[in-house]
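Below, chain A partners chain B and then partners chain C, in two separate complexes.
So, the complex of A and B:
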């Protein structure tokens, strides 16, 4: 017995020693398979995690854990006074990865940058349709085809984008995954070999990790990029173990088979927090759930009616019942992690008596209304029907009768856009690029009435502010304009803001240096394992 | 004259009582059926007196008491004997009120399907010819669809809600009645008493509904009892899929759907509505079996 124990101890010691000497491997239990490895072709976060944040870099990068941008492949940039010309200076000495399948002969230059955008922009580019049905959804969705007038090569290390109109979020947009910089040299070689589709299967970029192999629906392997311009990573190997079931991911994490997992079941989080081997990081997601009144219809065209209803919604009860606490009540239309969030704004207190009085003063009696509840779970609202039932009970206390209606999801999105829609719509939004414009102008601007502006709310004062902010390039000036816009929003109350959900990331205790991205990305640059 | 009439009535009365006694004799042979009947009667009483029995209003939300376990578990409160749901509503009260909806659904759907089914079936069986062909083909088409799928499509077209769900389920069930009635009417139509009535000058309508139909009721009663439970089950399924009763209606299927995320964390929210559906459907099915034993001459052991 004793002998056996010593033997076991010796073996254990040997394994510990050998593992310390050998490569550090970080295993991420990812939630699904990537659609492919060319991030510009797709829209799913899973694909961006597997391709954009590992293999590639962008001209600008989001600072880890924030929505602010910092220099990436572009070392610096200049914006012309009219705001229509963006000149990017490319960082010298940015090396492409050297892999089994390709050996680059040069560093990043202007050709790579121009190629990365023109393949999405120009229909006559040979790479525009290199996979059947390439739709470049994000590129088009962000309005780039109508925005970019031309992309010019000033010299080998300088690129100039000419825009058709002023667009302040442009810098944030080129930090998005679809704007990843691919190697023109690699692409040319693939084209010469007649294997263009490999760009979507064996990616090659400048990022912190280089692609090794992908076993469909099972595992993706990466190795640290030796010559990465930001310095070689502390971990040597990165593995994505694809595990679609949240309960299985949790079991694997518990057993130490992976170091970090996304999207736990809300009900499991309490148990995770009690596990001494795990730590749970929580952060407000870049999202908002709201109830949009139809501000064109009586009596909801009356600010006081909207305000009174807002005061009757117990947001904390919704957070508790729907998210089991994994959310924060919202007071502004943009989430607190976003720059220009106006924390000085006071939320309407939950006060049924005052709400009732306000309704009476507005001359509204026996109001009955519809509340639309989404049929599906979204990150910002896990169970809309339950939230609607809570609101229904609250409204009943101030004498407002509520009927809850719902439609199939696509139908719901479509019908809720109608200008003469009957009832208040529950919906939400998750930010794309971390720019307040993506919330305030996209969801509440006059242009979006009959579309994303579900409140059908066109307020001149508010709209002037956000349009002005969109065309301003100075961040401090923009912050001021957006803060002011939030004041107008709160005063006019076209929505009842409901919540910002928390994104919860459980990981092993030994994981260090992981920054949760407010944009919902899982990027492992700078991550280390410390026993 | 008056004497004979009363004697006649008495004789009829005696024969009815004898038939009832016979029915009860065969029905009580089947112990399961008696238990089923007992449970069903209890359910009807619960449904009728739900507002009096239930400790709370079904939609009253106690925000300080969300997801409480049943009283025998640690943390449970006597005020909420079967615990509370995520919105702090008393499970017991919701289940009791849910019995009303379920039985109401059963009654309405069965009545709707039964009456339309009988009328259409009698017409088809009595007139035969092209009327019959047209009706049977139509019924075959309806029967060719999986019933729940067809109900789902109908509700999707009509819009979700309890009333539309009931109409859809009734429409899906009605072909069964049509076929049963048609077959029975065809069997009876050639009998001597029908010919006698016709010779005596009875019109078509009288022949169909006064002469023939009363002799076809046994299989229809059995079918009605069995489809009563199917109706409850289908309504629960539609509710579960979000197409039936809309919140906050305490319908059992909807309650089940609303709480399935808690299956590991708060078993009582999911288990009790499921049990309620199970017990009700089982009781009605057992009762239906007993009815068949008692009413179907082929099954009578004599």
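So, the complex of A and C:
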């Protein structure tokens, strides 16, 4: 009897191990823990990677590796002539995942789509406060409450969004993680069981991978979704091994404990490129770092002063010192990977003599100013203090004295918004949806003064262009408007544009089919391991 | 003995209240506003800012907030994280076994190496061995944990490939946690090789976390032993012709151990502090990493309740050490 038991145990162990060995498991050394698994509740990329890009789909999806949209759960859509009505036709036969914790009885329909948005929109929806303090930060941040007039069910497979004003970026917005489609049937079951909070802990969607388990701060496990509408994935299991330290992530990658890692230390990249087991993919990130003058205060209200200062900044030196080459100097406020980027614009030459002369002509002598440097590393600026010191040294050469100031991060963000702020602020932006509106209008529009518009810059010509572009649905027409807006921006110089950082992704040689997203997402649909 | 224990326990109450005030006040003195941090570079509209602040109750006067907090805690409610929205106590209970397991192994390592090393150094006082042991202890004591951890990873995991880089167990093994202690759970799972994998994952972090306590224990044992060895009763024991092993191992050690146990008790605080760095390097899902993350995010409920629970644990350990003295040295309890 005893022998039999031992044998059975050994057999069981052997099957477990062999199944673990034969299944294709892709391990991603992620940089942090997800805040939760309901992407609409959060704003962090780490959370979107773990929840939105694995478990869920959206009406539209970003084409892998681009900022263009393609059909997702919506197989087609129509925009009314006045640009105020968007009618989405839902793809038939899109299956929700069948998991240990829930078995769906139906495919995606209009109810799921309406539920996914209304829970964020309507304060009287029972799910609006299903976790205490749910702020629906992105939904609000993208202006949806003021944009959506109504969401209607036309029939079981058709949904119509009525907007209050024209909004060309709307299609890109519904491809964002917060707009993920959740199952109303699953939500109803959780509500009936009195376990609403589980929606944020055991996600269930239509995406390429289904959620298996999360061991807090350690490991997230997913399995390929058998009935995925886009076809079953080539890998069987997807594992996120949470590894917060970049040096340790690199060691794990080297030891083969994971296949791909985000955010390497800049200093390690050269060594990674020489490792025969690794390959490194680089792409310009969808971001910009800038120095915003307060254009309402003398002498920075004078465009020639701003121009002169811009000419005195050696951007290449900043790129070399702070990024060790993993960035490009920026000439425009939007990154080169974004559509409508105006490459015809010439950057101000780095020319100290000309800058000095320009300052003199503007009647500015013995100028002393403050430069604000962020206290934290951001993707677009790894070391703001160092960059500020380089600018300080540059400005000293044209007779401008710089005092570098900084505050705790939340304080910094808050104080830098003030209209009467003293000094130029270093900050940056990472694009949300690949739409130029998300940079040009969000950061430089007149209604962002006192908020995101840190330059406090309200230029009528520029603002008219970006507002018009926002209301134009024809892509070619929009492109022209944005290109023109960039010319105005360059002429008026409300910012010194500093850099666009490269996103560097090291991975094992056997990784195939990974597309770096310009949006900074790490999504593993279509990934394979080939020895 | 019971009165002694109760007396010690009574002292804990004001200490606990003191800690709760400090934990509550300190995080609020720090600049940085959790609601503001939620939106990062994206600016939040002032109305929404006020709405969320109100929802979280941060618009009320501080004494009111503190009083509510204390009332909640006394009824066993430690609040919810404002980032993950999960109950703080749940997260603590999930993560604490990992820290406990690591700290226990680190301490075990520190004691089984530190105590004999200290004794040996004391017996051979001034010799080459003594100087080597004490020199090494000084280096160990001064070692920056972060640097030391990375060094070991690069050498043993990266270059030699002897140990895994980080984590608690190989990703090949998956079983739901039963006790939260990986060594025990891996045995319970019955999966071949799981226990071995768990042990191999524990080696480097235990060494890194145990280094400072080891150095302190070795030095403390040595000086305590030296003091005891020069006592009259030891000389008497020697004069009686007892074997050196009996003199040192039985007569001297028992008395030398009292200050050593104090030291070990005090090292619990050091372990928990060290765990913050060690857990970060080795991606060890414990409470050290959890606390650091919450400070960066100004997650008030996690910081204040987490600090309070950790302080509670340290106080209980100190209480246990006090009681242990009583057992070893009956004079103390009178």
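Note that in this section the second predicted complex is superposed on the first by the 510 of 531 C-alpha atoms of A that agree within 3 Å, B and C clash if a C-alpha of one lies under 4 Å from a C-alpha of the other, contacts with A are read in each partner's own complex, and residues count from 1 in each chain.
Going forward, a contact is a pair of C-beta atoms (placed from the backbone, for glycine too) under 8 Å apart; a residue touches a chain by one contact, two chains touch by 3 or more.
No experiment lies behind these values; they were computed from the predicted model shown.
Asker: If you stack the two complexes on chain A, which partner ends up touching A:149: first (chain B), second (chain C), both, or neither?
Answerer: A:149: touches no partner chain.
Asker: If we overlay the two complexes on their shared chain A, which of chain B and chain C does A:133 touch? Say first, second, both or neither.
Answerer: The second partner, chain C, only.
Asker: For A:317 in the superposed arrangement: first (chain B), second (chain C), both or neither?
Answerer: A:317: touches chain B, not chain C.
Asker: Applying the document's definition of touching, compare chain B and chain C: which contacts more of chain A?
Answerer: C
Asker: When the two structures are overlaid on chain A, which partner does A:410 contact: first (chain B), second (chain C), both, or neither?
Answerer: Only chain C is touched by A:410; chain B is not.
Asker: Classify the contacts of A:267 with the two partner chains as first (chain B alone), second (chain C alone), both, or neither.
Answerer: First partner only.
Asker: Output check: A:388 vs chain B and chain C. Expected answer is one of first, second, both, neither. What do you get?
Answerer: Touch partner of A:388: chain B, not chain C.
Asker: For A:471, decide between first (touching chain B), second (touching chain C), both and neither.
Answerer: It touches nothing on chain B or chain C.
Asker: Where does A:241 make contact in the superposed view: on chain B (first), on chain C (second), on both, or on neither?
Answerer: Second partner only.
Asker: Kindly classify A:452 by the partners it touches after superposition: chain B alone (first), chain C alone (second), both, or neither?
Answerer: A:452 contacts chain C only, not chain B.
Asker: Output the chain A positions appearing in both contact lists, the one against chain B and the one against chain C.
Answerer: Residues 408 of chain A touch both chain B and chain C.
Asker: Show me the residue ranges of chain C that touch chain A in the complex, using the header's touch definition.
Answerer: Residues of chain C touching chain A: 30-34, 36-45, 48, 52, 55-56, 80, 82-86, 91, 94-95, 98, 150, 153-154, 157-158, 161, 164-168, 171-174, 176-177, 190-193, 280-283, 285-286, 289-290, 293, 298.
Asker: Where on chain A does chain C make contact in their complex?
Answerer: Residue list for chain A touching chain C: 9-10, 12-14, 16-17, 20-21, 25, 27, 32-33, 35-36, 41, 43, 131-135, 137, 140-141, 197, 200-201, 213, 215-219, 221, 239, 241-245, 247-248, 251-252, 254-255, 257, 378, 407-411, 413-414, 417, 427-430, 448, 451-452.
Asker: Considering the complex alone, what residue numbers of chain A touch chain B?
Answerer: 266-267, 314, 317, 320-322, 375, 383, 385-386, 388-390, 392-393, 404-406, 408
Asker: Show which residues of chain B lie in contact with chain A when the two form their complex.
Answerer: Residues of chain B touching chain A: 59, 61, 63, 66, 86-88, 156, 160, 242, 246-248, 258, 261-262, 264-265.
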